[in-house]
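Chain nomenclature is as follows: A, B, C and D, assigned in order of appearance, with residue numbering initiated at 1 for each chain independently.
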Amino acid sequence: MKRTFTFPFTLLLAVLSLVTVSLIGCAVYTAPTREETLQIVKSSFQDRGIAKLDRLNQSELQVACSEVALTGKELPKDLRARLEKQALATVKLPADGVYLGDFKQGERIAQTGVGMQWSDTDKTVAGGNCYACHEISPQEIAYGNIGPSLKGYRKLRGDTPAVVSYTWGKLWNSHAYNACSQMPRYGDANILTTAQIKDLMALLLDPNSPVNK
Amino acid sequence: MTQSRREFVKLTGVFAVMASAGLISTKEAFAQQQAWNKAAFEAKSLDETVKALGGPAATQSADISITAPDIAENGAVVPVAVTSKIPNTQNVYILVEKNPNSLAAGFAIPAGTDANVSTRIKMGQTSNVHAVVKADNKFYVATKEVKVTLGGCGG
Amino acid sequence: MKGITRVALAGAALALSCTAALAQKETADAIARYRQLLQDGNPAELVAARGEALWKEKRGPKKTSLEQCDLGLGAGVVKGAYAQMPRYFADADQVMDYESRIVHCMVTLQGFDRATAAKNPYSGTGQRQTDIEALTAYGVELSRGVPVNIPQEHPKEKAAFDRGKQLFYMRAGPYDFSCASCHGVTGQRIRLQDLPNISQNKEDAARAFTTWPAYRVSQGTLRTMQWRLNDCFRQQRFPEPVFASPATVDLITFLGVNANGAKMDSPSIKR
Amino acid sequence: MADPMRIRATEQPDGVDVRVLMSHEMETGQRRDSAGKIVPAHYISNVTVSHNGKQVLSAEWGPAVAKNPYLQFKFKGGKKGDKLTVTWVDNKGDTRTDEATIG
């Protein structure tokens, strides 16, 4: 009984699936490739103010990091090592050997989020917008949590030469220590000046900064 | 004869409409603006405002309650409601201490209307919000602090 | 001795972080309360009312109203249409979101040229709401409570979703940002603003899609989904997405499909 | 020309609940436009609400009332089907009157 029932049922399924395949056969769907998408994206954007179309031309790092995020796969080990090495090579240490500027200026830079948008101009002094992602000075309660808390930075990490150069490198090009980090390359991408980066360094590492109180 | 008479009637009709719709409302509008208390809206503090409203000073009252957020995500729109349990409440005023001019809004409450009004105001920064009530020609006040936070990314 | 100090220090640190967490929670609660207080009396109603009048007004070179505009559910059917867009339209042989379709109808029914219809879609500070904004407020109001049901039948609808997803993860520009930089992980915040994770069909994506368009109190104006994308790309430091361009429709398709099943609750009111 | 108001008036056990939304810029007179020029103050200065010809609320506002103003209050003595009239006047003399039926 059971067998006789099963047989025509499977047959029916097979026939059905054949019919389905042939019905949509005229429009077999293939997902768009990266290149196809990129072409449509580029035709859908326009220059506005300082934000020009060439910003859509991705670097090798941007392509790799986009792919990793899209597929959810890990960055291959060798590629990660290469990207981090390349990023580290971009880091320019201060020529005068002075790493810390003014922490009060640093606080201002951390609070400001403008720069490089089409609503800005090439005269706009960019900020770091650090509070968007990080807890920093304890008196500022409006902070984000995309990045780790930086409260008590010096107290927790010390100010050994290793910490100082790591912090500088992280601000300059975050991918040097963690390829595909979400943090902008403040030095490498010319978002902040060397002087501004020194001020941010002071915010984190000056013993008198509110961060370390 | 008949035609010109009809024209005349038509014209008066138009004038009548103009008078009822345009002219009279403009006159009313003008009268209302005259009633607007310029001195009170230009005052810079609670005390100055109360004086401009005709009082010597306002006394603290627990019978006034202010419903407003502790933190306003945006100062451009801060919902504020004031309820007065003081008998014979005639007026309710909403003041923001740190705004360029303190007085934001005033309401006249006739008999039969609840002494409970709700509106939305602007706040330039974190500040005390005062609710001033005039009842039996005396002035009372209650105060609540509203924190105004910064906006987000990019600016 | 050393051990005791360490324990004491750890205890102090713990107490400190607890106070901080508490303050953070109080702040979040206070902001939730602020948002709740705003819900009553959404000025978007004023915009939707004007949109309805515009929809019915005979306008353009052809002196026609938009009442015969086909939003995907048949000519003239507005109710529920927004919740099922973007979708494929055979008459244009492309996928269109609500705003693109309004432009299409202004061109085909009312005789406007496309450049005029799509020019200045967003109102500036102190300006009146644009026609597109008003017409969008009207349309979405008539989808309130309707479950989102963005179709994925036609190959072009599927392709729009796939391209939209690729664009969502595309890192570019001087800041290396993609949409996912802010909206790819659950529980993240910029400053005090919660960032919805809109990369997958979960509660966050549903809430984000179903609450746009929204009246933005900080700007005193109603903002549409096309504007929402535009302003994200500004902050992403990208060039500007062209209003109603294919890539914007692709991205809205990706976001919309991720919200399928949730009920529309727009126009909403936001900070 | 100013856009119409949205008026909602509903009879409730403890009185008529009135909610009004008005379409108005409420310029403070302190904002600068993109050219850096001060945008002159422009705000609703007076509002009156009348029921059967009797005033049930009047308000004097300054520029610190939020854009697209909202107003909510309650009065006694009104019933379903009655007419309610709301009029605003702004500092430039523009005015608008709308009527609603209590529901």
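Just so we're on the same page, a contact is a pair of C-beta atoms (placed from the backbone, for glycine too) under 8 Å apart; a residue touches a chain by one contact, two chains touch by 3 or more.
All values reported here derive from a predicted model rather than from experimental measurement.
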| item | value |
| --- | --- |
| Partner chains that subunit B and subunit D have in common | C |
| Of C-D and B-C, whichever chain pair has more C-beta contact pairs | B-C |
| Distance from the mean Cα position of subunit D to that of subunit C, given in whole angstrom | 30 |
| Cα-centroid distance, subunit A relative to subunit D, in whole angstrom | 47 |
| Whole-Å separation of chain centres (CA-atom averages), subunit B against subunit C | 35 |
| Interface hub residues of subunit B, defined as touching at least two other chains | 76-77, 79, 149-150, 152-154 |
| Where subunit C touches two or more other chains, by residue | 27, 40, 182, 190-193, 217, 220, 234-235 |
| Per-residue overlap in subunit A, given as positions that touch at least 2 other chains | 117, 119, 132, 141-142 |
| Subunit C-touching residues of subunit A, taken from the complex the two chains share | 27, 29, 31-32, 34, 36-37, 40-41, 43-48, 51-53, 55-58, 61-62, 65-66, 69-70, 116-119, 131-133, 138, 141-146, 182, 184-185, 189-191 |
| Interfacial residue positions of subunit B with respect to subunit D in the complex | 25-26, 28-30, 32-33, 35-37, 41, 76-79, 81, 96, 99-101, 103-110, 112-114, 116-123 |
| Subunit B contact footprint on subunit D (complex, rising order) | 15, 26, 28, 30, 45-46, 48, 54-67, 69-77, 87, 89, 91, 93, 95, 97 |
| In the complex with subunit B, residue positions of subunit C that touch it | 27, 30-31, 33-35, 37-38, 40, 182, 190-193, 217-220, 234-235, 271 |
| Subunit D - residues contacting subunit C, complex | 3-6, 19, 21, 23, 25, 27, 31, 33, 39, 66-68, 70, 72 |
